[in-house]
């Protein structure tokens, strides 16, 4: 049986619903050594900023039970080097590209989106409004992240939407009471989709040295450990949104991805698990196709939000 | 180019208390591997431990490679429980090898503790390719953790011992032994061991005008340059980056490149 | 070297800083089969309500990577049966008791606290203002839990404090932007300590049946998976509070417990891990003593908040 | 009283595709265990899988017990990878055993699939204690999953087969075979298997006036009555509770107690 895996994520056509999470796939080239990355529904690149960023000082990562903490701090080559050095490879391969962007103000996001569109640097924009490792989440109280304040989410989204015709996805944080609030704010401000979730704030201490394990003290928790949390947020958001959701958080297998799709995600991203298994996203695609065949589902879109409560 | 494969464990033995040598059948890996490169080992199926574990390649054989490792936590403990005949998922070879340039007067290897792991392969290559059997300083806490002596002697290397407790060789740090060997301009030193040992080794070499290559350690998630988790701070910008990735830009670095003040 | 492990948690003297998390130790009797529970710093009992509660319909639990989801729904025998059938066993053993309570309104919490004090049913009160499995967290938007609204935390705390002279601890939820807000609200309303954290909201779907795994759909995530999140919240709260913190969330070992103490917890609770290892809390106590000896720390109180940032 | 111990695996064999029998050395457990009770097995060190796995006691020997299990997920797969000689952490015996009362006319065991697991011990006890070799209905998907036949025949039990595909015995459900055996008042039926099978078995017994004890399954965290996670809904209040714990109030229940409408 032929299975249609193609989905339309707020105007972005993906040949299958599987992308990779920003920051867990760099700019694609490294993992192209292990499998043909053009098979992905889309490649989501590491957050890009206007200037290159050195990121936080090391140590920047530590394993945790069924997950990991990272405090990379958005180290990236900057938009210029991306367009010059990284983009050609992805375009040559024929990849669909989601350009994840990060800035210090709405204008910076707008500028990044404009450049990506103008220079064919992406087929959709994902605005990272929720990185726990850049705003000083260690000391600022009461919500340092844009994605924790619905009115700021709206403001940023409007600025980006005004700057580009590309589909715009807004990436939100799980460190919040009700994910529906910033998600609705994004939708009302014109976002074409939301990406759920970024990492959860966490930390670790080495009891022997009595020092924090990460130099930045605080980092973002990812991996299978957080999957149940991510799934709940996707399900919550799906009940209230018209725009599509890209679900992520601990996805390792097609069975995991199916949970997110059934909860209401139109597409999914494989994140940290690629570190363990570089071709994990490809296996998810293959597994989704096999799932549809086994269940005689001709079009995967029939499964979006199809959980029977 | 690195690849990932299930490899059969052909030998697995305890070579000292809590220290193991593990040999896997991996012909393709053996063909591509260079001394100083490493592999990411998937200790277990399932989600625990979540990440692979980096291990230097100890020796390169015709049809496989060996690793030499110390049990320090749960991952290495689980690894040590694997038996000959079982399959181990191996990703590699990864990272940049030790530069092997001719034209130096002297080749010295200096290893602290389990830092000895990458050197049997290096000494073998230096001997075969350049006809130079390096001098080797093996340092450890105490005598029974002085590993690989026989391998080096068989290659014709001169071996110096240093122990913290004086149970064998000099009661000294590796860097002190190195200093007494009087490295100079024209000497190349290869170092691997705890950070303070490599920092001291760098200082000795810098003062003497010797070239020093060190294999660094860092916590790794991907092992392949993707996650940017394993960086160390560089003195100069490398390809526009101030942070260099131990996994991809290293693990072997010219020690002049590293900002040692942080350690 | 003799080591002092005794701590004073807002007026509750615990002979060591280790208790168990409410709902993971029932009323103590079962696990007394495996070790002498009187060795614990305190036994924290399953949440008690005025009337017995049947809890949610099954299935109520599922394992997750390095953790578990539960939707018990506060099944409990009720305060009367507790005082009559469960308390005598604990008192006979000489246990220090933290009476965890749950009600539908401030008056119910006050009533429960009054009864516990009057009938010697507890040595301190822990008010569960954060159970994700009873308020209809599935459908109510914008924060269904008391612990998500600082002003309600204050109101509930005042009511309980007015009803009892026992030390009162307020148990908070991690499903929030800034844990310091409800924690400060509790402190200002007179709480003698806070207990951090309750479970994180999560869910799971069986992709084969397309049905939620839990009958309640949503449950609470616990276990080592959430430890980094819990630790970050304890550290956040400790920076801003005068009153002590009971830290919990994924503690399995003395090394884990030490992380919480170094982050600022005065006491710690072993939760879900007891299911795997019933004497886990005892091993933590032994491990803390060994840690102090190894590090030549004569009094564990020197280690509270002693992380060097 | 349950206890926890590392027990040596003395035998571990595949008895059918993906079905294993595992015997542990555990003299104390063997002394206390009763047919129908179960153990919580810690499949691995570390945090994965996080929870123990419940397994019925299949046979009780002088110095240990056996388990009979089917690989259905990662926990049982990991268990199946353990070798003879390794240590397995076992908690038990847990739960209420099958009531073994004299005075019934007929004793019938009915098992679906891996639900056969608790019955060799039960049949043995009925034979030894009451002198009654029960009749046994063994139902499975297909012939090769009909387990334990020889054990039952050796005890002198009459064995009936049922398979979904008719490859052995009747092509029928266990409950249909049971019905044809005409249970009546004075008959006691012991059942274990998938929920629909036990529900149907209850219906047959209720209609016939037979007593029926079933060993139920539920996801378990503690296995010892603490977490309240494993409950099923009861028809009547049991010690003031409407929810009964499979681990502590069961796993064996008089089927009249269970609210079968939910299944």
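To keep things simple, chains are lettered A, B, C and D as they appear, and every chain counts its residues starting from 1.
Everything below uses one rule, namely that a contact is a pair of C-beta atoms (placed from the backbone, for glycine too) under 8 Å apart; a residue touches a chain by one contact, two chains touch by 3 or more.
None of the values given here were measured: they were computed from a predicted structure.
Undergrad: So if I look at the partners of subunit C and the partners of subunit D, which chains show up in both lists?
TA: Where subunit C and subunit D share a partner, that partner set is A, B.
Undergrad: Go ahead and note the Å separation of the Cα centroids belonging to subunit A and subunit D.
TA: 46
Undergrad: CA centre of subunit A versus CA centre of subunit C: separation in Å?
TA: About 33 Å separates the centre of subunit A from that of subunit C.
Undergrad: Please report how many Å separate the Cα centroid of subunit B from that of subunit D, as a whole number.
TA: 53
Undergrad: Where in subunit B do residues touch at least two different other chains?
TA: In subunit B, 47-49 touch at least two other chains.
Undergrad: Give the residues of subunit A that touch two or more other chains, as numbers and ranges in rising order.
TA: Only 64-67, 223-224 qualify.
Undergrad: Chain contact topology under the given definition, line, ring, star, complete or other?
TA: Here the contact pattern is complete, since every chain touches every other one.
Undergrad: So in the complex, which bits of subunit D are touching subunit B?
TA: Per the stated touch rule, the residues are 44-49, 74, 78.
Undergrad: Give every residue of subunit A touching subunit C within the complex, in rising order.
TA: Subunit A residues touching subunit C: 64-67, 69, 141-143, 148, 175-178, 180-181, 200-205, 207, 210-212, 217-219, 221, 223-229, 231-232, 235, 240, 250, 255, 258-259, 262-263, 291, 303, 306-309.
Undergrad: So in the complex, the part of subunit A that touches subunit B is made up of which residues?
TA: Contacts found on subunit A: 23-26, 30-31, 33-34, 46, 52, 54-55, 57-68, 70, 72, 75, 77, 81, 223-224, 252, 272, 274-276, 278-279.
Undergrad: Could you list, by residue number, the parts of subunit A that touch subunit D in their complex?
TA: Checking each residue of subunit A against subunit D gives 65-66.
Undergrad: Can you name the residues of subunit D that touch subunit C in the complex?
TA: Residue list for subunit D touching subunit C: 1-4, 42, 47-52, 91, 218-233, 240-243, 248, 262.
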